[in-house]
């Protein structure tokens, strides 16, 4: 049973990433009522961006961890402004646009980055041993940073004015508008934050595994699973759902094998049929 | 003869009873008004009767059939039609097409025949086209028959909604606040239409918030408050009843 | 002598049919062009059948799953059970239809959750293929060509070159378009449109919305299954990588570019995008980018799709009377009556679109 600890650790690591991604996705869905299907590609952008900066320039990792999400966040603001704002109110074109955007991003990445996965030489050495399992430095950093980001996001949403504005819009956009909350501004902020977090996930995961242009789609699908399990639009749902799925997948892949992915989707179908709102979603 | 028999109808939303132990009957050929202040549960009753909501308790017997748990389409097929307070028409289609679609139930050769334009389907189509035109003429909608339904003014849309329901050849028509938000002139038009409908042999149950209209149209009235029946009788009997006045004004007149 | 007036549509259609029938000769059997036509034909079938589901009000992203089910059913029946291809072909359609029936009947969810469900379904099908050794796992499955059709004493059609496949798909496309067109323009189609506009209202006039939606979903899946069963021998090998979610997304792109609100929209969209893909420079990733850019351009500049182009160009005159979005949605006769009414009312200004 010395598989359990590594399983738990792996599960924690991927779970935290899923939580980040799902939180971002739910933020956009909650506040802007947009199903942002390009989410996976943003994650991939973060990873590829990290690769380029680390391998191409000498920029130290901590700086990369700030720059890449920032850049991607700004990209998100631009995207919101030129694609989603003009289409506001028309749900179907918005949905199709996010699909088109995803396709453009992923294929552009494919063209520039190439087909073969590449590995980042991890900027960290050193590890600690915890309960008989080895925790490398990059994993440790991933865990700390993701927890920090999640906490920061929570504080932002509950303690700051802008965050509360976003939550207000999520609950009732009309009333929020009546109180003077500008949807333009909240959407801009939402996109910035959500995409930055998503890209951060990509940056964090990059030193651990390989980076390739195809890593977006499986991640998008996982995000959808988490969001359904945890509840569309819900922040705690995203976190708990993400962690849960990370653990389930980790144990699943170790003990059952690749079929786990199939089982995950079958479970999603069952959840949608019997309890579409998941754990924390609205009815 | 009793067309509709409602017995002990109850609906709970969570812990709150929207409708409680409602009993009433509808006699063939009459116009029954269902009135009550806002929130009295009138629309809930409609949804329960027409299959759009599930009852918590009680029975609804229509034309001798217990229509508990039936889907709306099945209830409609039996002869119970309804109009809606909002979204009464198929906006993307013309007035004519709306009413033609209302004749859906009268099409014996649907499905396969309709798709492949078999001879029987084509004959039936001609007949149904005639019926549609007739109905449009009778309801005064013939002039706008090629207009897109969503472009009609509200008064005509409501009339169209009634027309669509009538196209199903119902025995009983439930009308949900047909004059909501209308001017006096439009209201008078609808009232005339209701009388015309009764003349066509259709029994009507009318939910109305507009007291004057309900009193003017109905043969009998049932008054609801907080989901319960508080009075029943002819308009003259109802008007004087204290419970009714209290329900609307919320004030005790004595003392 | 009486002169019979022939409708111009019939003339155009007859000409089109003649051209299509003679196409292989016209293009001197150029394999690349034939291939493009075949792929366009498949795209037309998928896009138009997917669109009928959209017509009933459901956004369905799982069409490629039925394409896959059709393809694999055909392959399995032919290779593992030695069934004659033509029976396998029909069986593939039936199987796809039955699976669709079960799937649609089991789920009562609507709207976005339904869309998610269909996406999950695609993945489930794809992953099932990937993890089932009998289905070739993640490697490709080989499929032999269809059995030759022999009409005794006349001729035998062997499926040796692309020309035979071309005619095969031509027939399939013709059947698909005829059936789907008839459905849409019949009273059944009117009922479906009613369901999409207001399910409660449709129910109240006796239309069993659930049953209509399930049946429509199933019929459309049959066409997708048949298309898949065609694809298997044509491509000679199939693998799970053909049947991803993005393949379903491509179908929607074709629908949107052509015009999702019109019957001919998906046809035009499918043909345009397939030809665009073949003849623009670059392959693979570039193709996808063209698609995506075309879709974005359509959404922003021509929301009604390519099929609305002639109407939009013509309507530039009456701009002041009706708002842009409404204008692009309405068919001509209705728009004309609307404009006339507005003019009568003295130009009351724009209506907010729906």
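To keep things simple, chains are lettered A, B and C as they appear, and every chain counts its residues starting from 1.
Quick note on the criterion: a residue touches a chain if its C-beta (ideal position, glycine included) is under 8 Å from a C-beta of that chain, and two chains touch if they have at least 3 such contacts.
Fair warning: this is a prediction, and the values are worked out from it, not measured in the lab.
A linear topology is adopted by the chain contact network, the touching chains following one after another without closure. Compared with subunit B, the chain whose C-alpha mean position is the greatest distance off is A.
The central chain of the assembly on a C-alpha centroid basis is C. Averaging C-alpha coordinates per chain places the centre of subunit A 50 Å away from that of subunit B.
Averaging C-alpha coordinates per chain places the centre of subunit B 40 Å away from that of subunit C. With centres taken as mean Cα positions, subunit C sits 33 Å from subunit A. Contacts with at least two other chains are made by no residue of subunit A. Multi-chain contact residues, meaning those touching two or more other chains, do not occur anywhere in subunit B.
Here subunit C touches subunit B in the complex through residues 179, 182-183, 186-188, 190-191, 193-194, 197-198, 200-210, 330, 333-334, 337-338, 341, 354, going by the rule given at the top. Considering their complex, residues 35, 83, 86-87, 92-93, 95-97, 99-101, 103-104, 106-108, 110-111, 217, 221, 224, 228, 232, 258-259, 261-262, 265-266, 268-269, 272-273, 276 of subunit A touch subunit C. The touching residues of subunit C, counted against subunit A in their complex, run 59, 106-109, 112-113, 116-117, 119-121, 123-124, 127-128, 130-131, 244-246, 249, 252-253, 256, 284-286, 288-289, 291-293, 295-296, 299-300, 303. Across the interface of their complex, subunit C is touched by residues 50-52, 71-74, 76-77, 81-82, 84, 87-94, 97, 100-102, 104-105, 107, 110-111, 114-117, 125, 146-148, 150-151, 164-165, 167-168 of subunit B.
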